[in-house]
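Structures incoming, each one as structure tokens.
Look for chain A in each of the two complexes below; its partner is chain B in the first and chain C in the second.
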Partner chain A sequence: MRNSIIGIIVFSVLAVCPLFVGSYWTGQLTNYLVYGLLAISLSLVWGYGGILCFGQAMFFGIGGYVMAVFTKGMIYPDLTSSYIGLIAAMAASSLFAVALGYFLFAGRGISGAYLAIITLAIALVLERLMSNWYALGGYNGLLNIPPIKLVLFGLSYELWDIVPTFYIILGLVAVIYFAVTFLVSTPYGLLLTAIRTHPDRLSFLGYSVLNIRLSVFALSAAIAGLAGALFVTLDGFASPTLIGFTLSTEALIWVAIGGKEMLLAAFLGAIFTRVAESWLSEIFGDYWILILGIAFMISVVLLPKGLLATPFEKLIGKKRRAIPPPPAEGDPSPARPLPPTPDQ
Partner chain B sequence: MSFLSLNSLSKSFGGLKAVDNFSLELAEGSLNALVGPNGCGKSTLFNLITGSLTPDNGSVVFKGDNITGLSPHQIARLGVGRKFQVPAIFEELSVFENLIIAARKNRQSISLPALLNQIKLWREQNQLAGELAHGQKQWLEIGILLAQGPSLILLDEPTAGMTASETRETANLISMINRDQKITVLVIEHDIAFIEYLDCPLHVMSKGQILKSGSFSEIRNDDEVKELYFGRSQETPLMGSDIHA
Partner chain C sequence: MDILPVFLDASSYILILILVALGLMIVFGMMGVINMAHGELFMIGAYVMVMAQSYGLPFVAGLILAPLVVGFLGLVIEAGLIRHIYLRPLDTILATWGLSIALKQLIVLLFGPESQSVVGPVDGSLVIGDFQYPIYRLILMGASIALIAGTFWIFLKTDFGLMARAVIARPETAAALGIDTRRMYRLSFVIGTALAGLAGALVAPLISVDPQMGLGYLVPGFLSILVGGAGPLAGVLVGGTIVGGVNNLLAVWISPVTALIAVYIIAILIIRLRPEGLLGNRRAK
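So, the complex of A and B:
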């Protein structure tokens, strides 16, 4: 409950930002919200699901390219709906995650550093592939991607202006954030904690570890794909850099600094790091990256739960309680049916 | 028809035969113990039964169905529960949440409060499982197995690291589970005093095979076991017992 209240406060503060910052920073903040969405997706799969995906940007990039080819009419000239583009972007990223996840997690599965290296390698391969795929713009990418076109009750509105775009993106990000927060507070969240701490035990209880891992991997990829799709409509172009090593690593740093096991901390980690980058790079030039590195090391060594998650945990209490314990001591209640699990 | 039939199971790792042409039949509702030194193949045998490993030869037949080659979660769904040597619990979840996760795979309704009382963790139900004492973790894992609703449980050293009194209580708990809940139990244990307390058929395993089977007293007085397995000394582990102390 406290978690949700803090979330509402954070999104309320973000909502009033355009009143106090200029149009430049509102535009920048819109981009950072999308990066925050990418961080939420990584927090879900890494912090909750225990899958260290070093190539999260591949899903972001796939979403971006799919959105681009749909809204530019490259698939079918009359099929340029932003809604279809967003859905297709999420679906494509998700399907790619299922296909990739099957090879990663089937059988005894790959985990830990091996998983990180393989996902990073796949992201690099995809980046190289996109750089040489001339039908999709090759190294230069796809240009002139139209902004999101909202169609409601026959009326249509294209998101060219900065402030409306900010609020639409903020609304979408808030919906995703609260939906994922709700999801991890359900029994599915318990399963994610269980699979992160002892997958073998879960398997010996009759759960398909493969199915649970695939589900969280695909869900995370869908969110990252949505972020990528939104991003290309803001910048108006999709390039191979969206899909590769640099963005993947940056996302990991945002989430590690914020706190991988707390969605809000990961989200704010992305925003704060990007804001800090803008300010510090003006003062220190390229040396700002050293400060980021120091923050990352402090986070990993001294505050492994994250620079933001540590104080947040003190605010909201250490342990979430997904399912209340039985009511009274010494008077066992009668047997009660349990709700079905997502795995069934 | 046997409840569990292990038919000529073999498993090698390189040149090492961990399990060698092993056969065993367990009757429904029985309680059996398997003893043997480290490396004799006991845990490998459990891995073969539960699907962690696939045998090179032989088959595992459970309630008339050949379950050889099934994955661990498929075998678990058939009603086979397994306890590991090192307590395998979800340390970041509370005791109650550990049981909830297991109970969701139980086809029948189960009273978790009664189960918490049974494993003596009622007061600790809200505590993180990782914060429990070692013996309590062992009991929690047994509780997880019971919440799962199995018809066969395989216990790998359930009293490892326990005090004498905890060992005694664990033996009582296992006997009760077998007697009252009619669950078939196969226990691997090093603590002979614990086995003596269980008072069940005993199988001595060596080099991947069964060396001897019989009651505790038969095994204790068997010259072959003493000579080949426990050594010549009359002061074998089978003679001593601190469990009744």
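So, the complex of A and C:
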């Protein structure tokens, strides 16, 4: 429960931010919230599901492009509802994830390092494909994507202004954050822990490892797709960089620095890294990327649980001594819910 | 279109790709470390050549300096970074990824983001009747073949190679027999990085040397290893030939974009259908 209290505190702090920072920063923070959503999706699939996806931005990009195509009326001119766009974006991303996941995980599935390299290659292929798909803007991308239009009880409101947009996005991100947090605290979360640590034992217990992997992959893709769809409405612009390699690896850095096994830490990792980037890149100029690379390296080596998650766990962990934390990746000790068995 | 130059170009690309992949493979096969910074080490090799030429040193001096500098860098990386995360193979991907970002930016800071050019040691073309081909490309191919053969010789015929293969196959048993596995790891890492540096220096006159060049070789290099099979060294020859050959020939015959997409998809399919690689045995893993 402490976890959700910290979550509530974090979102409350974010909610009062527009009162203290100017409209420029509010606009930037809105973007960062969307990046945070992408980080949550990556944390879910990687930190909880144990699937190291080096191309998480492909789902973000698919969501972005689908949203753009729908709301610009490129498919059917009368059907430009933002709601349909958002739903289609999430559906398209998760369908793609199911297809890709089936290809990757079925049978003698691919895992670990191989999976990282293959997802990286797929992200590169998609980026290249979108750069050359001229019907979808090619290298220049799609411009003039309308902002989200909220229609409720016959009233409609377009999200042009910065502050209302911020609160709508913040609300959406908070809902998804708490929903996913709740989800991983249910027995489904336990299954994810099991699948991350001992997939073989889970299949002995009669669970379908493939289905669980697919479900978490698709769910994470849907969240990433939603993030992408929101993102293009903020900037009004969808380009191949959304789908590709750079954003994928950036997301990976946010999540690794924040802490992949804790949704809140991953979310804040994205926001902190972006905020730090805008501040420090002014001070350090080109040295910022060097510093980021080194910080990433150090945090992976010294704090594998993440820069933010480590202090968080201290904060939460005090009262939870009775329950040992879930073992880290590659830790040979059995996951908590499983009875101790002699090692193979 | 003349077919011979196309095949020669493809072969020279394949040979460089094999050189890069061979370094990756030594590190991956031996230590299970995925070195995402390998492309940047390749790039630094090329930049050492740029530096050497700007100081007026001859091409050969660059060729000698590049593996030394990059190999030393490899030693530092092994001692400072890789050594601490041997037991966490997935974290090596992330840590070396951070390293690759840092190295790339370091080069941008030192040399600027624009591409540099390197002058080849020989300019002329080999002319036999109608057939013309740049001499340097032929030298490059010869040198690459010699290097690949040399690496195979080291790993298959020398005592060091025997110990290295013992460490790959059974690290604990090898350690129990008195082989210093730590030292073997370090040496192989240095050999792998030095190879990358040398490959970068060799290919520098033919391509544009810029801070982003590493990725263009890293991903095909990894795909070559996985296609060929991470077990036997020869796998890299098969994998490199398939990945490099398909990429280069399709780029000439259709378009570079189609080639890249096609080669990645073919590689992904092969890896998916035969995770142990074309030459790997099913028992592995």
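Basically, the second predicted complex is superposed on the first by the 317 of 344 C-alpha atoms of A that agree within 3 Å, B and C clash if a C-alpha of one lies under 4 Å from a C-alpha of the other, contacts with A are read in each partner's own complex, and residues count from 1 in each chain.
Just so we're on the same page, a residue touches a chain if its C-beta (ideal position, glycine included) is under 8 Å from a C-beta of that chain, and two chains touch if they have at least 3 such contacts.
Computed from a prediction, not measured in an experiment: that's the story for all the values here.
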Open item on the list: Looking at A:Thr193 after the superposition, I want to know if it touches chain B, chain C, both of them or none. Which is it: first, second, both, neither?
Closed with: first
TODO: Would you sort A:Leu152 into first (chain B), second (chain C), both or neither based on which partner it touches?
DONE: neither
Open item on the list: Just checking: does A:Ser208 make contact with chain B only, chain C only, both, or neither of them? Give me first, second, both or neither.
Closed with: first
- [ ] Would you sort A:Tyr287 into first (chain B), second (chain C), both or neither based on which partner it touches?
- [x] second
Open item on the list: Touch test for A:Leu19: chain B only (first), chain C only (second), both, or neither?
Closed with: neither
TODO: Determine, under the contact definition given at the top, whether A:Val300 touches first (chain B), second (chain C), both, or neither.
DONE: second
Open item on the list: Quick check on the output: what are the common chain A residues between the chain B footprint and the chain C footprint?
Closed with: 329-330
TODO: State the interface residues of chain C toward chain A in the complex, per the touch definition above.
DONE: 32, 34, 81, 84-85, 87-91, 93-95, 97-106, 108-109, 215, 219, 222-223, 226, 257, 260-261, 264-265, 267-268, 271-272, 275
Task: chain A-touching residues of chain B, taken from the complex the two chains share - done: 50, 71-73, 76-77, 81-82, 84, 88-94, 96-97, 100-106, 108-114, 116-117, 122-123, 125-126, 128, 144, 148
Open item on the list: Using the touch definition from the top, list the residues of chain A that touch chain C in their complex.
Closed with: 52, 103-104, 108, 110, 112-114, 116-118, 120-122, 124-125, 128-129, 131-132, 245, 249, 252-253, 256, 286-287, 289-290, 292-297, 300-301, 304, 329-330
- [ ] Name, in rising order, each residue of chain A that touches chain B in their complex.
- [x] 187, 190-191, 193-194, 196-198, 200-209, 319, 321-323, 325-326, 329-341
